[in-house]
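Chains: A, B, C and D, in written order; residue numbering restarts at 1 for each.
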Amino acid sequence: MSEFQPKIVTFLCNWCSYGAADLAGVSRFQYPPNMRIIRIPCSGRVSAKMILHAIRSGADGVWISGCHPGDCHYIEGNYYARRKFYLLRELLAHTGLEPDRLQFSWISSAEGVKFAQVAQEVIQTITALGPAQRLIKQMPDAVAEVA
Amino acid sequence: MNPYKPFNVKIRDILTETEDKSLKTFTFEFASPEDEAAFDFTCGQFGMLSIPGVGEIPIGIASSPTEKPVVKFTVFKTGRVTTHLHNMKPGDFMGIRGPMGNGFPMGRMEKKNLLIIGGGFAFTTLRSLVEMILQPQNRDRFGTVDVIYGARTPGMLLYRDELEAWEKRSDINVHITVDGTDDPDWAYHTGFVPMVTESCAPKADGNTMAIVCGPPVMIKFTRPVLRDLGYGDEEILMSLENRMKCGIGMCGRCNIGQELVCGDGPVFTLAQLNRTPGEF
Amino acid sequence: MNMIRVTKQAVATALAKASKSYAIAGPVKAGAGHEFRCLGQGQVPDLEYTHTRLSPKSLLFPQAEPMFHFKLPETTGEPGDTPPAFLEAESFKEAPLAVVGLRPWDARALDLLKLNFDSPDYTDPFFIKRYNAMVRVGLADIHPDPENFSLAAGSGPFDEASVDILLADAGDAFIGKVITGKGRDFAGAAGFEPGSPDDAKAFAALKAAAEKEADILPACDRINDADTLDLYHADFWEAAAFSCINCGACTFACPTCWCFDIQDEVNQGKGVRLRLWDSCMTDLYSAHASGHNPREKGFQRFRNRFMHKLKYFPDKYGAGIMCVGCGRCITQCPGGIDIREVMAAMNAAAATVQQEVSP
Amino acid sequence: MTTATKERAENALQEKIQEKIRGIAATLLENGTVDAVIGYSRGSLSHMTRAIMAKTREDAQKLVFNSHCRMNLAAYLTPELMEKACAGKDRAGKVAVVAKGCDSRNMVIQIQENRYARDQVHIIGVPCTGMLDKAALARGVEQEQANCATCIRRNPVIHDDLAGDPVPETDPDKDRFADVAKIEAMAPPEKAAFFDDLVSGCTRCYACRNACPLCYCPTCFVDEARPQWVGKTVDPTDVMTYHLVRAFHDAGRCTDCGACEAACPMDIPMRHFTRKTIRDTVTAFGCEAGTDPDKRPALDRFELKDPEGFIR
């Protein structure tokens, strides 16, 4: 298990958390390289289909990070996102997915340290869960047996 | 034999045809001589361009059988497969299935005068036909040949070098038209294909067949013009397209009534189509 | 040996014996109903079943079928860099599959499907290999569902035309008829006992009773001679289709619907091209890449489905309608559409036109 | 009351409602208030009804109301229908719709989402005492649909006519979400197994989607090709992804009308997905979808104090 390196798809909002990731990099704060970062205009832009698509394609976890409440570039996008992610996380947990595979955070563009820290935590949490088992697409490689 | 498995082909050449770069002509060569022999096509047939992992699309064959061993397709960038194809480069590999469809009825067209009418990028299979006819060994098999070809603007015309070459010949009458142009030196027609057909096309003489390929709206307005010129429904050939998946008459979706565009077509006489519900 | 007999207790033993030379498939309980499945060792089909929700067509034409595999270049994962290796789908075992408990009309449907998958120009290898390797041990229906109109659709509860053996439930035993050589081989392998002349009489009586019970409506006699375009332009289609929600329930349940989609799936450089059931009820089915759709409206797709089954197909193949009267679409339609009523409406439309023409 | 007498009473009630619907429909059509009336008509099977668009007085006599009106007619209120209804007239189309309590809640949401304007529909509201479960009927059992048993709005929220006297609403303090709690009590692997089994018979016919008045995206996410979010097969992951995203897309909007389950040819109880989002919407945000025309759906508004314990 100690060798398991999770793949984490990370959606960062353009205005805050992406800036934080940038700042963490410029400031040379270390965090493990398990993430594939996708820049998005706002955390409110992320839909359920994107999260599930990441998992079905082999991500062990998905991390979404946006601006702090009140700081959204679009005034209130992250408030809507908060409701949406609450319901989605609950629904996925209800149907058997480990809820911690989905990670959320608010990180402003000034919080390079927090970014590196949260990244560490996210990776630790998902590493502890082990490889994802659920909602992963398996290739149909055998002919459906009829005879 | 698995008819769903494509032949391996390599892109030999890619030519951007139009100024907006939305149309490119791809020249393919087959990886194996057996596949090349198996892809034995006639004018008016089509093939499935097959990109593994992306999908398949039916496209009319733009080259003449006389251009073998290569085969050419002119592709409009519109969906997932065509967009992917437009981003590929010479030397890349992919697949082709085919040839499919009935093609133009050469038996019925021989010895006849031909009036060939095309609009937009539906002109591709007509290029195959004209190219074949103009070969020295074939030219005598047909009577007079009139080609009416329209595009939106001069920059949207396909096969410009060939059109110029055809223009210089005496054994073919070429009438090129564009919907509109601001080029003061434009030496050809301006106006829609049906209008040009009205003024340039030969009247029906009982020995002429009209072959029409184009967008639905062009077909709609060309039909009455041809009727006024005296063409009977049996003398008008149309090449159609419908959404299809298999290309070999099994997946069901390209039907127009009981006719399948992939197997019974894509070339139909207008008389045949008049007996169908016309869902194309 | 023409008549055979097997007591109900002996069915399991007989099938175990037959399974030495045949793979066995049959109806088993699945979810809230029954479905056809390939059976494992010792698994016995539930021959007390009335109907399956999905038809047995999936035994020849599975809902998802890999047609071939391919590998994408590992370096880029993008198609195009090296010649794609188009690998054959793993060839399935061609051991004969005995389908035990097949209803006669569902068996007929398999023969109708063959008209599509085995044409003079192309043969679908997946379908046809399975088709040829199949032995059909039919089970007559002594009490057809009220929605079943198979007798009117050219088959019937005791139709022998498309089965190799036809069994019927005679209380404590199944009695039946061996119809083909394939059937004789299977009966031998299963060790079915020969039946008596009394069994033959009982079989005939059951048949007569079931056929009497079977709904012989609706008439569609005038559709054949009607002009396609008259039916197509008849004015009842929009109203008839109003309740239809254009889902695919009818097409997926239908034993004779064969339309399919082709899709590629890729994961980590390995890919497969799949054939998937498709439904003519969806707008995506006929939508061109340009956005144009020749059957844009729901009722047009509804019309195409019924015209295909009841007019285009009969005209094209001369093999009757593309419907075996199983009634699945009637019981499963969320909108309450009934193909018998559509047939009647088409027949009436045909009659109106014919009256107008003849003085 | 014994079950039998209760049933008879209900049938008598429904017959009265049916007469009223016919009368209202005939009047509306005759005086030109509406171009068409969308209602239920008798189906060919005794336990089914069929949607019809009545355009004449005679058509209006075909309208029925009974315990088999499971379809949600709000699903038929498409822009094309509105357009067609007024063909040849120089004004926007207006149609009347027969709507049960739950259906009217869907119409509230459709209006909030600008699917059509309030004045384009004339709602013939029906006080409803519940529908009979189709899957149970197939087993020979007469039993109320599960969603009707936990219904909170048996009388229409909005209506222009009411085809019957209002019926008493159910006890609001009743534990409505016992079904959700039961699943929540399961361990994660049990939950996974429960839902995997639940959708195992799904053929992706999309009857549930098409029967839903709120599933009206011009292109459903399952049909999107660039990118393709989900495979088109019946592979367990593809099927589960479809059901999850469908349910999530209706979160905060779903009124538990049960049309999806009633439409399913395989009798899959897919409300177990939406029930969870309904419960969470109520407990976390205090929203009951479509019960108040002045309140936007739950995911279309927010509060500063919304739960965020799950966010780092």
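The rule is simple: contacts are C-beta pairs under 8 Å (C-beta built on N, C-alpha and C of every residue); 3 or more make two chains touch, one makes a residue touch a chain.
Small disclaimer: the values here were computed from a predicted structure and weren't measured.
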| item | value |
| --- | --- |
| Which of C-D and B-D has more C-beta pairs touching across its chains | C-D |
| Distance between chain centroids, defined by C-alpha means - subunit B, subunit D (Å) | 50 |
| Subunit C and subunit D: spacing of chain centres that average the CA atoms, whole Å | 32 |
| Subunit B and subunit C, separation of their C-alpha mean positions in angstrom | 38 |
| Multi-partner residues of subunit A (each touching 2 or more other chains) | 137, 140 |
| Residues of subunit C touching at least two other chains | 64, 89, 261, 263, 265, 274 |
| Overlap residues in subunit B, where contacts from two or more other chains coincide | 79 |
| Inter-chain touch pairs (all) | A-C, A-D, B-C, B-D, C-D |
| Subunit B-facing residues of subunit C, complex | 67-68, 70, 72, 79-84, 86, 88-89, 116-117, 119, 121-125, 228-229, 232, 258-264, 266, 271, 273, 275, 278, 280, 285-290, 292, 294-295, 300, 304, 307-308, 311-313, 315-316 |
| Subunit A to subunit C touching residues, read off their complex | 57-58, 137, 139-147 |
| Contact set on subunit A toward subunit D in their complex | 48-50, 52-53, 56, 69, 76, 79-80, 82-99, 103-106, 118, 121-122, 134-138, 140 |
| Subunit D partner contacts - residues on subunit C that touch it in the complex | 30-33, 35, 53-54, 63-64, 147, 239, 242-243, 245-249, 251-253, 261, 263, 265, 274, 276-277, 279, 282, 284, 297, 330-338, 340-341 |
| Touching residues on subunit D, where the partner in the complex is subunit C | 43-45, 48-53, 71, 75-76, 80, 135, 138, 200-201, 203-207, 209-211, 223, 231-235, 262-268 |
